[in-house]
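Residue numbering begins at 1 within each chain, and the chains themselves are lettered A, B, C, D and E in the order written.
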Amino acid sequence: MNDHDTPPSKAAAAVEIDSVSKVFNLGKPNEVHALDGIDLTIDDGTFVSLIGPSGCGKSTLLRLMGALTHPTEGSVVVNGKSADQARLDRDYGMAFQTSGLFEWRTVTQNIELPLQLMGWDKAQRKERALEMLDLVKLAEFGDHYPRELSGGMQQRVAIARALSFRPQLLLMDEPFGALDEMTREHMQTEVLEIWEKTRKTIVFVTHSIPEAVFLSNRVVVMSPRPGRIAADISVPLGRRNFDTRESQGFFDSITEVREALRFEGSTR
Amino acid sequence: MNDHDTPPSKAAAAVEIDSVSKVFNLGKPNEVHALDGIDLTIDDGTFVSLIGPSGCGKSTLLRLMGALTHPTEGSVVVNGKSADQARLDRDYGMAFQTSGLFEWRTVTQNIELPLQLMGWDKAQRKERALEMLDLVKLAEFGDHYPRELSGGMQQRVAIARALSFRPQLLLMDEPFGALDEMTREHMQTEVLEIWEKTRKTIVFVTHSIPEAVFLSNRVVVMSPRPGRIAADISVPLGRRNFDTRESQGFFDSITEVREALRFEGSTR
Amino acid sequence: MATRDETARAIARHERKEAVRRGVRRVVVFLAFLVALALLYTGYKAFGESINDAQTEWPVIGRVLPRTNDLTMPPIMDIVTELGQPPQRNSSKPLAAFIAEASLFTFREAAFGFFFGMMLGLALAIIMLRSRWIERGLSPYLVASQTIPLVAIAPIVVIWGSKSMGWLPFDWQPWMSVSIIATYLTFFPVAMNGIKGLQSADPAAMELMRSYAASRRQTLLKLQFPASLPYLFAAFKLAATVSIVGAIVGEISGGVPGGLGRLILDYASRYTTGPSRLYASVMGAAVLGIVVFGMVTVTEYFVMYKRQEGSAAP
Amino acid sequence: MIKRALAGAFPALVIGVGGLVLWELSLLVINPDGFLLPRPTEIFEAFTEHFDAIWSATINTGYIVVTGLIVGVILGVVWSLLVSRFRIADETLTPLAIALNAIPIIALAPIFNAWYGLLSPTSNQAIVVLLVFFPVFINTTKGLTSVGATKIELMDSYAASKWEITRMIRIPNAMPLFFTALKIASSLAVIGAIVAEYFGGSQDTLGQFIVQNAASGRYTNAWAAVVAASAMGITLYLVSGGFERVATPWRPDVDVVG
Amino acid sequence: SSDDTADTTTSTEGPMELTPVSLQLQWFTQAQFAGYYAAVAEGFYEDLGLDVEILEGGVDIVPATVLDAGGADFAESWAVRALGPREEGADIVNISQIFERSATLQVSFADQGITGPADLAGKNVGSWGFGNEAELYAGLRSVGLDPQADVNIVQQQFDMLAFIAGDIDAAQAMTYNEYAQVLETVNPATGELFKPEDLSVIDWNEVGTAMLQDGIWADATRLEEDAEYRETAVKLVQGSIMGWAFCRDNFDACVGHVLAAGPTLGEAHQRWMLNEINNLIWPASNGVGNMDADLWNQTIQNAIDGELLSVDPGPDAYRTDINEEALANLRAAGVDVDGNGWTPKEIELTEGGE
């Protein structure tokens, strides 16, 4: 096993989720038990994927970590403090399925958005934006508007934006869901490269088994409503490269995740 | 090799494409060579997938078969007559990525749409619609509006609609592109079931290698602009079942298609 | 990359040329159509007398056909020549100049009305954005407010304007009251589209702002407001012409001299002695309406062209 | 269902009643002898006192409003059917519609009176028709033309005729936008009729009732008629919303207001 | 804003301090108000220490309302158009009844044979409303006709087209305005201007149902409590009467002042109008501006019958002391306030009244 699979030695917990349940519309006729008794600890610097059938609560779990919604029961601790505090401390960045770029801002201005909100001055913002553009290999496109970029390029900008203020924790909800398979594989490689460079903790929601397996140290498989953790599979593939996708280990992990999912999916 | 891979014995050609090229905006600065010198013969009763990077002309090729657009050069013959004639004879059904259901019609009314256009009377339409609803396992949902159905159910309605008038040829353009992976696999199984029951010719556009491999007798790999046929891979997997996706043959075919694609993709 | 940029630029140039060509074609066709309408008007006048009889004979169509003589439908040439002639014998200023001055006057009233209506509409939209409760509570009354006929409020506004605006650092002019009347019509579409537009911000983008712990103000300024611009411009187009209507009605019922409303009322009140003057001033109002509509459209183009939908570069 | 509708109307009721009380009280306190803006209770008294006159004026004005609304809506729909079908119609009728809309329609009132005569209702109806026509035209055209390309291709693949495409796709697709326009148009129609009445014709109309009373300083009476006019506008608005619910059953909760 | 202007005038005008006064008219600038424009232009007000600002009227402007709301210090208004608001609570009083006669006519084409109110039965009869209808209604009732049932009352527009086009059989017209407009219009049948012979008129002064028209109104309570305001009122009336006397004696110069104030209708029309207005004032049987109690009562009775008023406003609605004081001052200065020597002029109308 090589570097890819080893979390940094300090192994502090980036996220600690303790018997969390989430009920929407509590007490109303349209009550939904989205999550039920979730326990999950994510170590600092790991790349964790959440996978599960549609509606099983992946996004809800991610949003709980980001303090965009609050648990009905249980607690969410991020970097040793409450999720809300972490949000106010700007401890994490987010990226979604649709790139969510602001079409009225250029690429650079989009990347500068969080910095601007945090009150950075112009020169600092400029500098950081250039650095980020380099990271995602879009240096020439700083002055373009999002509509002039392809879907994959837009996603890279969104990732650059999420990373621009160096958050501790990156939350990504199906960021490549809208891309075609070829572009998607390409983006996966890029994200891994970025992850290897920055070693941020990444929580990544996806529907694609190969994607989850290719990217993460750990795949958390969820069962449908009420969402529970059905399996927690570690992926010992080592440093990824072109051949990983055709390796036996890759296919084995895929089969393992598929089995876990099929078992859960059968309740539908 | 079993039934799945054997086209019906008559082996008449459902589609014959002969040195077809397609240029959009001919002579203008925004001229696009979408397809170049395509030769392709599809036997009656086969399930053929088209795969290739985004923009390589898959949809264009499909639309040429459906006479929704016309070749700049070359000829398209469907069921032994011109594509246009085939369209007027209502020889084929179509299904697209977005289900394209009419939100103002109930499920039954949506399925009845082509029958209505062909002037069937009410009782006949009703009967056929019920039959189709059974086929796609949505018998209870006849009176619902599309918005009340999940994405997968909507796609099944769209397929039922495409099949309702028993066309000879089914053209499907990324019909499952908008579904999540789990639902998608489920739908793939359903389509195969339908195909096995009806034995129509199906031309299926997709971005997903496992999907193409799982579904078809034959995977046609296309290269990017100008679109050409880069490889024509037959898939000898036999009758599909749950285990197919975890079989070695499946992974081998995937690798074969991936190699063909990577070689082509490298020109990007 | 360079060649791709070049072809992209060539395509953009071509598209711009195409757009201009289409625009020119549209203008030419429309002008031709206007000429056709003028011919129709004149032709109708020629058959007029016989059609007038039909008014009584044909039950429905007869009622829709205008009666015609030179008093009810002055010849187009009369209207054109009248434009060049002074409407008053003791001055040499041609009617066209009168109409132009009055249009400017009305434009000023409408412009202020538009501005304040825009502000008020946006303010209301932002208040309604605060809570769904307020939105539900307020919007029926916004709708109801527009069913109150202007003629009922115009005199009140004019009187109050002159009475209760003494505290302002400048002298309250009657035309300012007219601007307020224009405001009354203008704020409505802005408020209604404004709230829709502000709510149209992508929920994912809203969450993004929240994840940055952005303040409400920051979210409003950086996300919701820019997201609402397409809706707002649609409202502004409506508001622009409606502000002219408000100004004209305000002038007429508030007795404010100097603008198109007064001109129309004057020429209407002595219609029999010169119908073409009324026609000319109504056309002035039409031209003014089209001009302000055009101004908003051009502004929209410059603000929005960067984010026109276009397919992503492949 | 009814409970939900009531819950939906609750904020409006609170704000409405609160506003009325505030209006009444503030006028009682600040401006006790003022009569420009009467108190709600005074308006209510005037309304009951002149109920017969206001009622018959409402009927007469209502006739103009409703007939004008119907004709304007038909005109708008036919116009947009033409524009969405024929390019030459698009190139001529669309700018004409925009130009017509940019004209302050009330400026045409004296001209229409000249055309149709003071005694004919046509001149007032024409004003209403022109006001109503534009939003209906714009929205319906948008609805008729903004049909997804897939839907059209699907119909092409069935070798459907142009008319079938219009009937089965374009028209249903335009319904929601059409009804939004209808709601806007219904309040415009009331305003249009009243302003048109202002320029002469029958005396037994809301417009004249308001003007005549306002002109002789009886603002309370004028406001009583304003209330009737608003009620008519709101009624038409709600009726349009009701039609919308019936005509577009596939849409979830269509908000009647807004 | 009157406070502001008061301050500024104090600081800039120096020793000769003028009292700012505003007078709200009931219609747009025209010779109907010639006396006031002349008084401003000739400096009559200024000589009395007043700085008079004349506020133009409008379609929906009710001078009495403006006065009551504090938008003007004085108002120029028809009796009924002021008494309506007064009944609603406006605190105002008539201080000078400048016009003694009514100018309202009912005009019809001679061939219709409408010569008296009785002939209106069954006809389309035009009316503007705004209080103008009371004379007509009273006239109809005087011959036993019910205005609601026996004639068809039509809301008249601001112009005479509906009359000329035949929509209206008998149209309301002011002697000084609309009647002239008809005579300024080309008769499509003859190609020449309409002639007085083509028309027949009903004059309410003759029928005996005329009502009081233009007079000057003031704030009632302020008159009682504010001695300065009362003094200003006397001066305003005094200056205005001087203006009207000037217009009677210097016809052309007065027309010039009106034209300078920017009316929208032309010179010939203003000449006609001033001549007709002079007819309404002069000769003044009782000294100009003094209220004729009989005419007042006739006005009130017509208004009540026509449901324009619900009760008799009583004797507090007008006061004569201010006008009498003004007249006394003027007589002492040798101004002719009776106009017994007035004779109407022959005014020729032109097409369009230019």
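Just so it is clear, contacts are C-beta pairs under 8 Å (C-beta built on N, C-alpha and C of every residue); 3 or more make two chains touch, one makes a residue touch a chain.
Here the structure is a predicted model, which means the values were calculated and not measured.
S.K.: Treat each pair of touching chains as one step and give the shortest count from chain C to chain D.
M.R.: 1
S.K.: Both chain B and chain C are touched by which chains?
M.R.: Intersection of chain B and chain C contact lists gives A, D.
S.K.: Can you name the chains that touch chain B as well as chain E?
M.R.: Touching chain B and chain E alike, sorted by label: C, D.
S.K.: By CA centroid distance, what chain is farthest from chain E?
M.R.: Taking each chain's C-alpha mean as its centre, the farthest from chain E is B.
S.K.: Distance between chain A and chain D based on Cα centroids, please, to the nearest Å.
M.R.: The computed centroid separation for chain A versus chain D comes out at 51 Å.
S.K.: In whole angstrom, what separates the CA-based centres of chain A and chain B?
M.R.: 33
S.K.: Just the number, please: Cα centre separation of chain A and chain C in whole Å.
M.R.: So the centre of chain A lies 49 Å away from the centre of chain C.
S.K.: Touching at least two other chains at once: which residues of chain A meet that condition?
M.R.: In chain A, nothing touches at least two other chains.
S.K.: Out of chain D, which residues touch more than one other chain, so two or more?
M.R.: As it turns out, chain D has residues touching two or more other chains at 36, 110, 114, 117, 199, 211, 214, 219.
S.K.: By residue number and range, which residues of chain E touch two or more other chains?
M.R.: 59-60, 62, 65, 69, 157-159, 161, 165
S.K.: Which chain pairs here would you call touching?
M.R.: Every touching chain pair, ordered by label, is A-B, A-C, B-C, B-D, C-D, C-E, D-E.
S.K.: For chain B, which residues are in contact with chain A within the complex?
M.R.: Touch list, chain B to chain A: 53-54, 150, 180-183, 207-210, 242, 245-246, 251, 255, 258, 261, 265.
S.K.: Using the touch definition up top, name the residues of chain D that touch chain E in the complex.
M.R.: 33-36, 110, 113-114, 117-119, 197, 199-203, 205, 208, 211-212, 214-220
S.K.: Can you list the residues on chain E that touch chain C in the complex?
M.R.: By the definition above, chain E touches chain C via 1-4, 28-29, 56-62, 65-66, 69-71, 157-161, 164-165, 181-182, 184-185, 188, 259, 262, 264-267, 351-354.
S.K.: Spell out the residues on chain D that touch chain B in their complex, using ranges where they run on.
M.R.: 148, 150-151, 153-160, 164, 168-169, 172-173, 175, 248-250, 252
S.K.: Going by the contact rule at the top, pick out the chain C residues touching chain E in the complex.
M.R.: 67, 69-72, 88-90, 151, 154-155, 158-160, 162-163, 165-166, 171-172, 252-257, 262, 265-266, 268-274
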